[in-house]
Amino acid sequence: MKNSGNIIKKIILSAVFPILMFVVMLIITASNDKCYVNGKLIFLSTDLIRQVIVNSCMTVCVALAIWLQLKNGRFDFSGGASMILAAIIAGNVGLMTNSPVMALLAAVAVGIVLSCVTAFIYIVGKLPIIICTIGMTLLYESLTYLVFGGQGIRIFYSQAHTSVFGRIPGVLVPTALAVAAFVIFTYFTAAGRKGKVLSNNQRAGVNIGIDERKNVFVTYIFTGIIIGLAAIVYVSQNEVTPQSGLATSGIMFSYIVPVFMGTFIGLASCDVVGIAIAAVGMEIMNYGLNCLNLGAGGWQQIIMGVFVLGFYTFSAQSDKIQAFVSRLTKKNTTAV
Amino acid sequence: MKKALLKKISAVLLAGAMAVSAVGCGNSGGNTSNNNAASTDSGTGAGDSGSAPAVEGKKCTIGVAFYQDTGLAVDSTKAYLESLSDTLNVKFTYTVLTQTDEAANLTKIQELISSNVDGIICTMDLGMTSIIQECEAAGVYLGGYLCDYDTSFNTAYDQVFKSEYFVGTAIDGQSPDDVTIGNSMFDSLIEYNERNADAPITHVSMAIFPTWAFPSQQTGADQFVAAVEAYNATAETPITVDPLDEESDVLAFAPLDTTYFAKHADSQAIISFAAGSAFVYPTMVQAGVDSSLKLFTTGFDGGEEANFGTTGNGTYQQNMVTAPESITYPLVLLLNKINGVSFPDQPAEAERISTAQYVINSDEDMAKFQKSCFYTKNAANAMYTPQDVLNMTAYGNPNATYADLKGILSSMTIDSIK
Amino acid sequence: MAKATQHELVIEVKNMCKNFGPTKALRNVDVSFYRGEIRGLVGENGSGKSTITSIISGMQKATSGEVFYKGAAWNPGSMVEAQKAGISMVLQEANTIPNCTVAENIFAGRFDEFSVFGIVNMKKLNKAAQEILDSFGISHIKAEDSINRYGFEDRKLIEIVRCVSDDTEVFVVDETTTALSMEGRQLLYKLIHKLKDNDKSVIFISHDMDEILEQCTDLTVLRDGEIIGHLDRSEMDKPNSEQVIRYMMVGREIGDAYYREDYDSSHGDKVALELKNVSLGEIKNFSLKLHEGEIIGFGGLSGCGMHEIGRIAFGLEKPESGSVERNGEKIKGCFEAIQSGIGYVSKNRDTEALILEGSIQDNIVLPSESELSHTTFISPKKEKQMSDKEIASFRIKCGDGRQWVNTLSGGNKQKVSFAKWTAKGSDVIIMDCPTRGVDIGVKQFMYGLIADMKKQGKSIILISEEMAELIGMADKIIIMKDFAVTKEFMRSKELSETDMIEYMI
Amino acid sequence: MSEKEKVTPADFLKRHVYDIAAYAGLIVTFILFLIFSGSRLSYNMATVLQAASAYSIIALGAVFVYSMGYMDVSVGQQVGVYAILMIMITNAMGGTAFGVVIGFLVILALALLCGAFNGAVAVWLKLPSIVTSLFLMFFFTGAQLLLMESTGTNSISIQATIKPADRNMYNVMLVLAIIVVAIIVTYFFKFSKLGKYTRGIGANEVTTAQCGVNTTKWKVIAYMAFGACVAVGSFIMLTRTGSAGKGTGSGYAMDIMICLILGGMPLSGGMKSKVSSALVGTFTYVLLTNDLTTMGVDLNLINFVKAVIFIAIIMVTCRKRDTILPR
């Protein structure tokens, strides 16, 4: 990313995906009379933009939280659970204080605390990350039954004045913060650089003199911030009920596709842009599917599955990736 | 992915939906006593005697399998049951069933039986045939609550409703046998228009749950349409009803999709037979139409009052819920069985009885409603004292009849709130 | 030996022992290192030279004995600690971090020095890195570039740059030069002499005798974990010094019982394995005929392509063109290779040859399961018999076959990876650095084994970085450089390492 | 190069801490079970047996996959779809015993196919196998929804009798099923190439490959073996209720994973993998749940207690000793 002309070219390359997605969905919907209400094509309603933006913001927040751990070499199951728990607490705080800002602060605070606890158990227990985070997920999920009488949080998002961070323009605030947190950590902080080193050659990194425990802790603090921000968006858009049986990991999985795709698209620019763009593309697709009334059915699941497989297949061919990037446009056409 | 997620948690949301369409609370007009359960002294006497007046029933445990683990409805029901515990000499234990996994439900029931319950109140119609088999095998009685057991009623009537261990069920107001919800929705609409003669609602759209889950809602919708047509025949300002759109108007336990508003662009109000507070209203807020559109819906989640009638955005114009006291029906029947007695007029086969919904149409109704124990989650506001309930049992009161028991279910209306 | 020194003592090792399980890597070693000297450490693999330095520089702990650094007792917990205290070491293995920039590699451990409130000033960092690179005279490496763009050699240099800084007191070079070209070596030589002139201490480990004799000011020879002797510059300058040193290293004249005695390089006529103008990457049209009962040795610097030849011959790498054939059958992959009786002793023992987290028996029988299996059933008894037989015949030092391999010493590990193929009864065995990191006893055993194999008419490809070994064992020695054959030697008494080295560098 | 001293008793203990902790867990839960089941002990035993039957069979199959260090997140949805298909096919064929057989064969074929897919596609496309199973999870979730939507109800029941009327008979049947599967799995895992190779792959794939093992082929076989067990497990689960719905089998994948971890199976696979982990873990897990209910622990607390116990156990069994943090 040295000269700006280069990066612009890259971003344009990346932008191909959502544009393509838009065109494809437009064609599909336009050719389907289900999608016309008294002659108007609902896919092109202003609602499209609102929905895409709102949902993309949610997706971006969660995806960043997942990706921050992934790119540091850890697959963290507990992100979803932390988010749900933070959401519940934040929502209730928000209701009590009747202030979305308080809710946001609470969410971030809780997010950080939970992440730190996870990091602490991970470091002290020296457990394999997946096992450790499965355990923490179970723990946090069980807590959702114990906080606020296990009520979860219902009416936070259904009240216009509390759920501002779930709608335009409010939703842009936490998203922007999340992106900022991610970018600052990855590209500016020492911890971020160390994390990069560790993820690429853990043992060497430690031998050279990086304090891995400290680094993990710092990384988790930033993850916590992002998770908190994701939580506030989530609780502003959804009813949050107590979860169990690792259901939260399902919630997290449901946002992981943009991570895969994002990192792939991101090859053409940087990962944040990639994830954001992937999210937008996905949401355009989702909206199109909704217009086709495939939005919530089995088909949507299957299409998702195909996407996971397809995109991961591409990004997995790491040796050929550079070639892909050069022919990105063509590849995408075949991918969709 | 968002929609996928929603699908994933839809099971939990259904629970929410049922909570909403489930429980309300009030006081029967006849009954003025509102002293706390704990303070009521119950009679004494040998446990199993079925005739002596005001005798204490056999000491027993009853397991209650809820459809979800949290929520106002569950809490107020628990509160009500616990208030009865001492007097009826019943210990209640709770568990939670899933909406979609028979095997899981069976295990839950088995665990209840293992923990030595004498009777079970079940609130989910899933895997009933195997569940009833378990109960028969273990000699445990089973009562239904909030659920119309339509699947079982149609597919396994002999196994379930004819089983001597199934005592019957109280349904949340919409037994497929006598659907009233369509008409009451229509009445609410007309009542609104009379109140707001200057700006009446002339164009509405509807939302229902899938037929496989709540067949009565489809019937209700038809009923509503019919009522509107009858009205239009005479009315000077006719009302248009958008026909049900197979996809967007049938909520598969996932929130309303925003494309709904595009598809019903001219609608002024949504008549939601599905649980609107959980599945319709939030989408309205997200789409920013909550001030322009009105909502008539089953269910009350808590918080609706802030935008009900003339308060707030005035989005809600009608809410419809059921009283937790209706659990008294299966409870009493179970207690009779456990104490080895029955009503003189006990029908041969188990029945499914619909409970009166009560309908919150106006600010006044809402005010009344806020005194109820659903809202306060306080058994002190319950409609029946433990003593009342004991008197409903065949062993607690020789004169008690099945007819009376059925009677209480129809008596729970908004007007019966003091 | 007598070191009437004007130099100040910096490190003193007293009575140090180090055991790896049963094997003794160091036996009561006493040695001192002084400022302003370049101390060469020479000795066969497993003679303990790397062990000493790795203990000094905090990689591992001594079993007994003590170290004094600048007069104070010294036992560092980690390489980091040692480096902070001024003792830094360049390892044999590549130790750079991929996907990061050169600058990040250089300052990986020291980001904090460039950050304010945790925010790194990359400009400053890159600038500093470039300055250091320039000061080392390797300006062709750019600090901002990703390290992936640089080859093995440049990475090695970057490593060196990373661990040498102003406060470096003792600098250990452990067989680094084999990785470097002439140019790279010159850079390194300049560096160590600069350090020496600044009155620092350099410990220099290498197999390259000429290099040692040219660069070092002093020399310490080890054998079997004991100090055999010290030479100072004057002694090193003596004409016959090389022979003397080698004698000290091996302890006897080369060519006695240690290696093969016979010098008949005869072998069967039947071709056991043939490579037909194989090309892969930089290797172009390589051909080779290996006959029954023949030992062909491959020599060269690591990275000369000989290891790749071994992998191709075993079917691990698919040649872009050409073919590998045995008994007229094409070898498409290691599966076919093994079926047709080829065995392969990988140079990366712990990562490729052995299942460390598994028992000796698991490892030995793994290639032979197909033979052991009768209608899907594998009798544990047969397995045990097989592995016990090998354990016995290889005299593997262990409790029993259930002992885990990662609890064994290097030599015994190597025995296990040999045993896999003898158990399988393979007729062609490709050995890649078979005696790397193995003590003399085991070495001798291996050589004996190889000789027997030849007698049994088995064919062997012996790839080795140790020329003595090749001279001692091979019927034919092929020297490679830059992925091409530079010279072939036939077995003869006269053949010496110096003859071969010139074709390698 | 982790050079260690010779094996001391302490080492031995360290190496077997998995099993020790696992069995301890089982014993404790079982004692609690005996105490709290009280008068309904025999009944409750049946309960546990029935709850554990499907889990244990699937877990047994999963041993092959987990011993390679892989995991599968699609089991739950697979079980659901298989159960539904079974019912549909059987009913379509008039609920005859023949129909049941055909139905089972169909799902068996499907299961094997998915196994092959998981194994082979992952290799061909150079994907981590978690991704292929993730794909299968999405795919089967969709399939399950579509199938159920096509029936227009949220629960369909099988018309054939697949469960002995006599409860004891049924329990015996379950016990037999578990034992048989356990024996077969043990045989292939301990006494045949399959087990040895899967463990080898888990411990060090490169080495295993260089020992002439066609890893791709054996991965596929291992996954297919798993698939077979999933099919059997689905059938067993179906016999319990004779019906299936949208959510049938949901959460199985994670439960299986938890069971195996509780049973002391290292998620990294390798030589430490054991068949016993499956049974020990499953019964520990089921007993634990059962105990907590019979003990009358407050609903909202049950999950918390479970979680704490789980963390406690992994703290003992999964602790790594290394200078770097395990990934």
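Letters A, B, C and D mark the chains in the order given here, with residues in each chain numbered from 1 onward.
In this section, a contact is a pair of C-beta atoms (placed from the backbone, for glycine too) under 8 Å apart; a residue touches a chain by one contact, two chains touch by 3 or more.
Computed from a prediction, not measured in an experiment: that's the story for all the values here.
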{"item": "Taking each chain's C-alpha mean as its centre, the one farthest from subunit D", "value": "C"}
{"item": "Distance from subunit D to subunit B - Cα centre to Cα centre, in angstrom", "value": "38"}
{"item": "Chain centre separation in whole Å, for subunit D relative to subunit C (CA means)", "value": "45"}
{"item": "Subunit A and subunit C: spacing of chain centres that average the CA atoms, whole Å", "value": "46"}
{"item": "Chain centre separation (subunit A, subunit B; CA means) in Å", "value": "38"}
{"item": "Where subunit A touches two or more other chains, by residue", "value": "145, 150, 247, 297, 300-301, 304"}
{"item": "Where subunit B touches two or more other chains at once, by residue number", "value": "4, 7, 69, 252"}
{"item": "In subunit C, residues with contacts to at least two other chains", "value": "78"}
{"item": "Pairs of chains satisfying the touch condition", "value": "A-B, A-C, A-D, B-D, C-D"}
{"item": "List of subunit A residues in touch with subunit C within their complex", "value": "2, 184, 188-194, 196-197, 200-201, 204-205, 207-210, 218"}
{"item": "Of subunit B, residues touching subunit D in the complex", "value": "4, 7, 11, 69, 93-96, 98-107, 110-116, 126-127, 129-130, 137-138, 151, 155-156, 211-213, 252"}
{"item": "For the subunit D and subunit C complex, residues of the former touching the latter", "value": "1-7, 188, 190-194, 196-197, 199-200, 203-204, 206-214, 270-272, 323"}
{"item": "Subunit B-touching residues of subunit A, taken from the complex the two chains share", "value": "34, 37-38, 40, 42, 45, 47, 50-51, 54-55, 58-59, 145, 149-152, 154-155, 157-160, 163, 166-167, 237-239, 241-242, 247, 250-251, 254-255, 257-258, 282-283, 286, 289-291, 293, 295-297, 300-301, 304"}
{"item": "Complex contacts: residues of subunit C adjacent to subunit A", "value": "78-80, 83-84, 95-100, 104, 108-112, 114-115, 118-120, 144, 162"}
